[in-house]
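Heads up: the structure comes next, in structure tokens.
Which chain is which? They are A, B, C and D, in the order written, and residues in each are numbered from 1.
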Amino acid sequence: MAIRTHLAAAAALAVLAGGAQADMKIGMITTLSGGGASLGIDTRDGFMLAVEQAGRDDVEVVIDDDQRKPDVAVQIADRMIQSEKVDVLTGIVWSNLAMAVVPSANAQGLVYVSTNAAPAQLAGAGCSPDYFSVSYQNDNLHEAAGAYAAGAGFDNMFIMAPNYPAGQDSLNGFKRFYDGGLAGEVYTELGQTDYAAEIAQIRASGADGVFFFLPGGMGISFLKQYADSGVDLPVVGPAFSFDQAILQAVGDAALEVKNTSTWSKDLDNAANAAFVAAFEEAYGRLPSIYAAQGYDTANLLLSATQKADVSDKAAFRAALAEADFDSVRGKFSFASNNHPVQDIYVREVIKEGDIYTNKIVSTAMTDRDNAYMQECRM
Amino acid sequence: MSRETLFNAAILALLVAVPGWALAAGEPFTITLATRAVIFALAAVGLNIALGLGGLVSLGHAVYFGIGGYAMGILAWHAQSHTPLIDGWLTLPGTKSMPVIWLVAIAASALAALLIGLLSLRTSGVYFIMITLAFGQMVYFFAISWPAYGGEDGLPIYVRNGFPGLNTLVPIQFYGICLALLCAVLALNAALARSPFGLALNAARQSPQRVECVGLDPVRLKLVALVISGAITGLAGALFADLNRFVSPVMFSWQMSGEIMVFIIIGGVGRLFGPVAGAGLYVLLEHLLGGVSEYWQIFLGGLLLIVVLFARGGLAGLIAGRRVAHD
Amino acid sequence: MTEPVLSTHGLHKAFGALAATQDVSIDLRPGEIHAVIGPNGAGKTTLIAQICGTLAPDRGEVRLLGRDVTRLPPAARARMGLARTFQISALAMEDTVLQNALLGALGKAGRPWQFFGAALGRADLRGRAEAALDRVGLWDVAAVRAAELSHGQRRQLEVAVALTLGPRAFVMDEPMAGLGAEGSHRLTALLDGLRAEAPILLVEHDMDAVFALADRISVLDGGRLIATGSVAEIRADKAVRAAYLGDAA
Amino acid sequence: MSPILIAEQVLNGLQSGVMLFLMAAGLTLIFGVMGLINLAHGSLYMVGAFAAAAVAAATGSFLLALAAAMAAAAGAGALVELVVIRRLYDRDHLDQVLATFALILIFSEGTRWLFGSFPLYLDIPDWLSGPVTLPGGIQYPLYRLALIGIGLSVAAGLWLLIAHTRIGIRIRAGENDREMIAALGVDISRLYTMIFALGAALAGLAGALVGSIQSVQVGMGEPVLILAFVVIVIGGIGSIRGALIGALLVGLTDTLGGVFLPELFKLIADPASATATGSALASMSIYILMAAVLVWRPTGLFGAAT
């Protein structure tokens, strides 16, 4: 039976052992079609860039498209585990897909290394020695936004997120480090495209600033409408709405907005400079945070194979936990629940020539771990 | 034996043979794929009772599919987290037992079908289509924003639920359970179509005024059909959740409703095995075309158009020929 | 005089400014065929719809077997014994002749909530259906689909379905429409024999059939009942001749 | 809550209502005249938005972009009508649902294939940007006022078209009796293509107008399509007047429900759970409205009784 493994781009990049058994077989499940495909494509491209650079012929990557559907992701995971006998799974962009795949993959004895999604359940009560997040814990960027808002002297913020678990986590994360008053706290509908009503509330609320978490098209819609509304309160949000791909669709409306991120293309370290240059060279576009996280994930996995054989699970897990690789984020280590300890920055949206992008303006949090380590017993 | 009987027998034989072939060929994942097809088929057989027999073009069957899924998810989640399902004057625990979960799934989706049917059957034709679609969307939004059971993130169930005497974690045994249920429901469907109820429902689809004039209430007949149909699709939802060990609001999405309907059309409307053939073909296409192109849904769309415009009987119509009168 | 089986009293129905039925009182007595005639647009179809319950009158009442049924839905009236045939055949076209007749028998039995066991295997239903088919002369086409029947055969099947109900009154909407001379003749003979079973309210355009069958005739014009009487009386009625027969003759 | 805020929210509801009307009017017209249920109407909305974004990027002119949106959507509509839809007029609703569902798949993936998976950029022109001050001191975006104006003008235009022009007479005749209109010597298939293209153009216009303040991306049409269905069910299928009233009702209910329900819940629960519950209920409010209308009038506010 033909099995859709190597999509064209992946096949070109994947370093396949010529007939020989690969030492490590990685299964990547990510979103390559439908809405949100841009995030998965960046994840894949960043990941494969690192694999290619390593030039290792003992590592094989199989990639498949989850179409952003949880049931499809589960089905792919089952296939990769049962038929293709992968050693490690990675690549999922969305929290709901991660919740569908990760616990059962861990239960079947596989290591899962997250390139992006890191929901609270998997950091707290549902944590596992077989689960690592290379990106962050989902709340981190919101916490940093809260810390930034508190530090910048805001004391009457209007905060807003879609009404779904990640949205609720977002506002809670923000409030964890923001101690000022709230002019308003609003949950919007997931997938909502018109924010006139919320903007009117913001205008009437007497707030001194706005925090919002609206990933994807929702953020584009909000920013365009907000810019046109004449409300000119300062805005802060997590990096998701200011990603390289999304910014071009928002345009001027995003300029000067502050956003929090664990990574930025102008982050000053050698690994990052090399990564940004190589990514532009290979793909002809600027990398996004998803590409950077994919790149780091691949390098972490590659570093672990230098120290331990993937078949020796305990040793391999220990090797992963050491995080002995050159992260494009500079310093990087794992907290006790296998989530990163890292700095989180405040960026500002700028225009470089015709391209909208971000530059770092300050550091919001230093050596931030996460709020769920106490709940994690493993 | 008529051609349709042969067609049905061939499909059944194929379904029974798949796991043996998969094990022999060293493609164990094919069993999981076949399980997916069988569960989709079950959902579609459910819809086919409303659609094929009752003429009810319900574009909201994902509601029942999702309710079945959440019946499994909620019961199993309470069982795995050792929290009571209801904790008041009566304390009810969750459960990991498939038969109990199925019963709850059937009852809950039947109840939902009854409520939606009472409202939507006040109308007919194109209103009915739009209203079922709209109610589906309502439930979808509710599921996303209702925080108690994971909202959009859904509910992961770490270990597949159990069935007395079987090890459901072994793919082939779970497949067997699903196939047995599909056969049972197909038998039920066949019995219904021939029964006095089926006769009356069939007539209500073709000529509601005729049914009224013999003293029967066509709306009530259709309502009962919708309830049976919803219950079966709900059962399929519970199995689907168990296959994935996960439920999420995606099961409620309107695309899901559309897909369930597509299974029937590709296979053949009102034909006993039409939905089975359609679901099988769909899963196969998804698997094969998905490997050829990221844009495989264009091909699916094209195929669907061709079937609707030029091959109205679907697969069953092509292979088994035009339908002949019963008896 | 015996109590009428079916009657209307001051029925009134308007669609906007157009009064389709104005103050119509009509009755159907045991053993008779009562024909309702009138030019196109006279309100015959609207009247039948109100009698059978698919249309609610603005004023007035419908009585069946001495009971006020004005607010009852069509199915309830059918269960009380009102059997209707349609102007445009409303059969289940994909089903066989026998299945159509079985549906009537099932309606008469009043128990459609049987989900198991083949309907065709139910001796009681089948006997009733087959007797009705036999009566109208469709016994030999029982296994044919309704869609494949000739126009005249469909009319006969409509009557057969009505017969399975064991009705107390028939309401027939233009059963002769579209039939050739021979078909008309056959159906006329069939209806003639039915009146002993239950009276027939017959809405019909075919004057030959009406004059051959009717015991009494009512004439509708512009939504009003302009005359009721025996065949001879109606033939002689000046108003009727002016309004209707004059044009038709 | 201040009167100014309430007035502003009513304007917002009105604005989202008139944009819904542009979608619903085409759908209801197509159903009323041709008896066709068209799930792919949302795709035409998307086509309009993408055409506008492409033309705006190439020329920088917003008006050209709007013209292109209507032309592209009308063109796509006419093409689809000629190739697929006209085979469906005599089919049952099931076939129509499936064929147009197939069209959604083809349109969506085809657009993604042409334009990629990234959202496109489309912005409002400078001369319509920024807020204006209305009587009473309400600050309101000029562009949204323009949307209300355009929507109401289209409604008036449609009314004129149907009530007072030759083509309107044909449309009304077609609604009543296909055979009669054919007997009048009107080329019925050309009339149908024109009506379908008109409905498509309205959807395309809505897509471009709304796309300018939202995100132009694949799949943007379907949520609007489902809302438009709710509008039509409430207003009554085939009635332009019903579509207008229904659209305004849905727009207002959706907007005001989203604002006031959480506030209402704050009276009885703590703020955090009140916002979550209120928002959850608000997202269901228009469907509850629809159910209420159905119980009261099964064929909608202005639908013909059956």
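Going forward, a contact is a pair of C-beta atoms (placed from the backbone, for glycine too) under 8 Å apart; a residue touches a chain by one contact, two chains touch by 3 or more.
Predicted model, so just to flag it, every value in this text is computed and none were measured.
Student: After subunit B is dropped from the contact network, which chains belong to the same connected group?
Tutor: Ignoring subunit B, the remaining chains break into A, D | C.
Student: Shortest hop count from subunit A to subunit C along touching chains?
Tutor: Tracing touching chains, the least step count from subunit A to subunit C comes to 2.
Student: What's the distance between the Cα centroids of subunit A and subunit B, rounded to whole Å?
Tutor: 35
Student: Can you work out the whole-Å distance between the CA centroids of subunit B and subunit C?
Tutor: The answer is 43 Å.
Student: For subunit B versus subunit D, what separation do you get between their C-alpha means, in angstrom?
Tutor: 32
Student: Of all residues in subunit D, which are in touch with two or more distinct other chains?
Tutor: 112, 276, 279-280, 283, in rising order.
Student: Enumerate the residues of subunit A that touch no fewer than two other chains.
Tutor: 33, 37, 163, 168, 187, 189
Student: Where in subunit C do residues touch at least two different other chains?
Tutor: none
Student: Name the touching chain pairs, would you?
Tutor: A-B, A-D, B-C, B-D
Student: Taking the complex as given, what residues does subunit D use to touch subunit B?
Tutor: Those residues of subunit D that touch subunit B are 31, 37, 84, 87, 93-95, 97-99, 101-106, 108-110, 112-113, 222, 226, 229-230, 232-233, 237, 276, 279-280, 283-284, 287-288, 290-291, 294-295, 298-300, 306.
Student: Along subunit A, where are the residues that touch subunit D in the complex?
Tutor: It comes out as residues 33-38, 41, 163, 168, 185-189, 191, 193-194, 196-197, 200-201, 203-204, 216-218, 220-221, 224-225, 228-230, 245-246, 248-253.
Student: Across the complex, what residues on subunit A touch subunit B?
Tutor: Its residues touching subunit B are 1-5, 7, 32-33, 37, 65, 69-71, 74-75, 78-79, 82-83, 95-96, 99-100, 102-104, 107, 119, 121, 163-166, 168, 187, 189-190.
Student: Sort out for me which residues of subunit D touch subunit A in the complex.
Tutor: 1-2, 4-5, 8-9, 12, 15-16, 112, 116-121, 123-124, 129-131, 139, 141, 143-144, 210, 212-220, 223, 255, 258-259, 262, 271-272, 275-276, 279-280, 282-283
Student: Within their complex, state which residues of subunit B touch subunit C.
Tutor: 191-192, 194-200, 202-203, 206-207, 209-217, 221, 224, 325-327
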